[in-house]
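Two complexes are shown next, each including subunit A; its partner changes from subunit B in the first to subunit C in the second.
Entry: the complex of A and B
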């Protein structure tokens, strides 16, 4: 399986810069999270990756082949988008048949998954509730035989039970046929356990692109008496800071100096992915 | 033709076939209703020939309307559907071109069949006269509408509204002015419109120049259509 490469992608809408010179790579058979606040450019990036919109500059490669306009490359990339692109009368079964022509499609598995979501393959997508429509789209996405599957807001409108089912089905299909999934979501806590890598977008740039374990290994919440916390974090980039009485709590996402002794009464705790994300993208901090 | 284009063509073709079937059912239903009312009122039933030619005329009209509507208004929906299933822009354009070509040929065949029925009683020696020209003209005409439709697909909703309302208004105005100028220049007497210039224009049909012009126009429109399709992208509106 070829690596997926994004090289220097920039996109503007009028005067507004949405993506600024983004570059990253996706390894085959890994699950990534694409995280960013509302309006960070996640959907725009996914649309560029799948050749649905044009970048102002840069290119997307699968191996050494350009993806744009390349039928063979596009047949390896599937995007489940939040937007409804197909005509209103389209049935699940019709869409599956058409997808089969491009990607190949596992009809048996799809029927099993549909049953789990209380759907059948004659369902007309536009007539489903938001959650069930998302479920139907997920079943399509999990059963196309593309090597790179991008899921934009895959839990939109899903209730807790269906979200749980989706995560289970995702892991099941991933184990059965490992391929790369990129999940763009705001429900970070829920997907944290699934992700191997994470790409965080902020202010039209990538601010983090690394394995989740590496990111979290250096993501700390430091709390204690304000003076001691300040002393310990001197020279570090404090991302957020809040104080309650004399107790101050700050977040830091970078390696802590080994030689610096942690003062008495100062506590260090690792952040989870959601808190790391909010710390990294929180404008104005406190 | 690759499997993807073929599947996309079939998928969208089914939707068009459904639209034709529904429109046909409605119009035939209305025809029957009015026929029945006429019968009750004492009117006589027309001959089978006239019923058949009416039906073929209706079918050809519906196909023509749907082809026109599809070519003008649906390129962006087709683009979105194609993108949702991983098709390339070239593939989507190919599927659209095939659908339009099939519709033109169908309309032409239905019209030819109608002429065949009409001429059956008069002898068939001339029924296919001008069939080649009408097919070529239909291709060139629909290619023009398709190019306009594909160009429309590039515009935002606001742009579509501006161009969709503004452009026809300007064209109608210019058309009226051109017609008045033509009438004034060619013949000052509006009651005698049977003039040499128009006759010579109609006589040009079938000449080498006419064919060259028609084919050139068709190729130009097809090229424009392709160019527009390959520049279409998802819009935020």
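Entry: the complex of A and C
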């Protein structure tokens, strides 16, 4: 399978810069998280790389082939998004047939998944509640035979039970047919363990692009008496800082200096992905 | 099966440690099959690459073995290997922190030895 390559993508809406020279690569058969605060440019990025809107500059490649306007490449790329692109009376089965013509579609597996969400293939998407509409769209996304599947807010309106069911189905289909998934979500805690790689967008730029395990290995919360915490973190980039009485707690996302001894009373703990994310994208402190 | 994960160590390491614990306590007996990567990944909702990394570590430590087309099994002698390793780690994992805590509390060596003796006399060991 080919790599998916994004090279120097920029996008402006009028004078507002939405994406600023983004470059990254996605490997075949891996699950990535695309994280960013509202307005960071996630949806715009997903729409560009799936050829729904144009970039002002830059290139998207599948292997060596340009994706824009390339039917063969686009048949390997599927985007599930919040936007509703279907006509009012379209049934699930009709949508599946349309997708089958472009991508190929696993009808049997889709029916099994639908049953889990208490849906069937005669459901009319426009008439479903937000949560069930999301469920139906997810079942479509998990059963198209594309090698790159992008999921923009895939849990919108899903209750906790259906979110868990989705995560299970995702693992199941991923192992049955390994392909790349990119999940854009705000429910970072829930997807942390599902992800292999993470791309963090902030203020129209990519600020992190690495394996989740590597990012978390260097993400710390350091707390203790203020003076000792300051001494220990001297020269490091302190992302957030808060104080409770004499106790100061700071976050740092970078390797700690090996040679520096951790003072007594200072405690080090690893951050989870959500707190790493909020530390990295927090503006103006707490 | 009860797994619990936190941020204290890489996820694959925690998974490997907890599976090793289950082998040590005999929950998975020697020669017995352990859940597959697929089963663990779906059940625990963990990326299969992470699960595989944890399982491979146990294969490297000669606790698990892969049987072609059949899955992962607990190796003969796994429990003994774990016991040996834990004995080697005992000083570092338990004694060092025990003595450090005793010092903080002003418990002197003789008193600590008494306490250990009491643990042996009254404990379930």
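Heads up, the rule we're going with is that the second predicted complex is superposed on the first by the 286 of 286 C-alpha atoms of A that agree within 3 Å, B and C clash if a C-alpha of one lies under 4 Å from a C-alpha of the other, contacts with A are read in each partner's own complex, and residues count from 1 in each chain.
One rule holds for everything that comes next: a contact is a pair of C-beta atoms (placed from the backbone, for glycine too) under 8 Å apart; a residue touches a chain by one contact, two chains touch by 3 or more.
Only a predicted model underlies this, so the values are computations on that prediction, with no experimental measurement involved.
*Asks:* State whether subunit B and subunit C clash or fit side by side on subunit A once the two structures are superposed.
*Replies:* fit
*Asks:* Angle at subunit A, subunit B to subunit C, CA centres, as a multiple of 10°?
*Replies:* Computed angle, apex subunit A: 150 degrees.
*Asks:* Kindly classify A:207 by the partners it touches after superposition: subunit B alone (first), subunit C alone (second), both, or neither?
*Replies:* In the superposed model, A:207 contacts neither subunit B nor subunit C.
*Asks:* Is A:156 contacted by the first partner subunit B, the second partner subunit C, both or neither?
*Replies:* Touch status of A:156: no partner.
*Asks:* Mind working out whether A:77 is in touch with subunit B, subunit C, both or neither, as first, second, both or neither?
*Replies:* first
*Asks:* Would you sort A:195 into first (subunit B), second (subunit C), both or neither based on which partner it touches?
*Replies:* Second partner only, subunit C.
*Asks:* Comparing subunit B against subunit C, which has contacts with more of the residues in subunit A?
*Replies:* Partner touching more subunit A residues in the overlay: B.
*Asks:* Now for A:269: first (subunit B), second (subunit C), both, or neither, which partner does it touch?
*Replies:* Once the two structures are laid over each other on A, A:269 reaches subunit C alone.
*Asks:* Per the contact definition in the header, classify A:175: touching subunit B only (first), subunit C only (second), both, or neither.
*Replies:* After superposition on chain A, A:175 lies in contact with subunit C alone.
*Asks:* With both complexes overlaid on chain A, what's the closest CA-to-CA approach of subunit B to subunit C, in Å?
*Replies:* Distance of closest C-alpha approach: 27 Å.
*Asks:* Does any part of subunit A touch subunit B in one structure and subunit C in the other, and if so which residues?
*Replies:* The answer is that subunit A has no such residue.
*Asks:* Once bound in the complex, which stretches of subunit A touch subunit C?
*Replies:* Per the touch definition, subunit A meets subunit C at residues 30-31, 164, 167-168, 171-172, 174-175, 193-196, 213, 216-217, 269-272.
*Asks:* Please output the residues of subunit C touching subunit A within their complex, sorted ascending.
*Replies:* 5, 7-8, 10-12, 37-38, 41-42, 44-50
*Asks:* Going by the contact rule at the top, pick out the subunit A residues touching subunit B in the complex.
*Replies:* Against subunit B, subunit A makes touches at 13, 47, 50-54, 69-71, 74-75, 77-78, 81, 83, 85-87, 89-90, 94-95, 97-103, 146.
*Asks:* Which residues of subunit B touch subunit A in their complex?
*Replies:* Against subunit A, subunit B makes touches at 2-4, 6-8, 11, 14-15, 77, 80-81, 83-91, 230, 233-234, 236.
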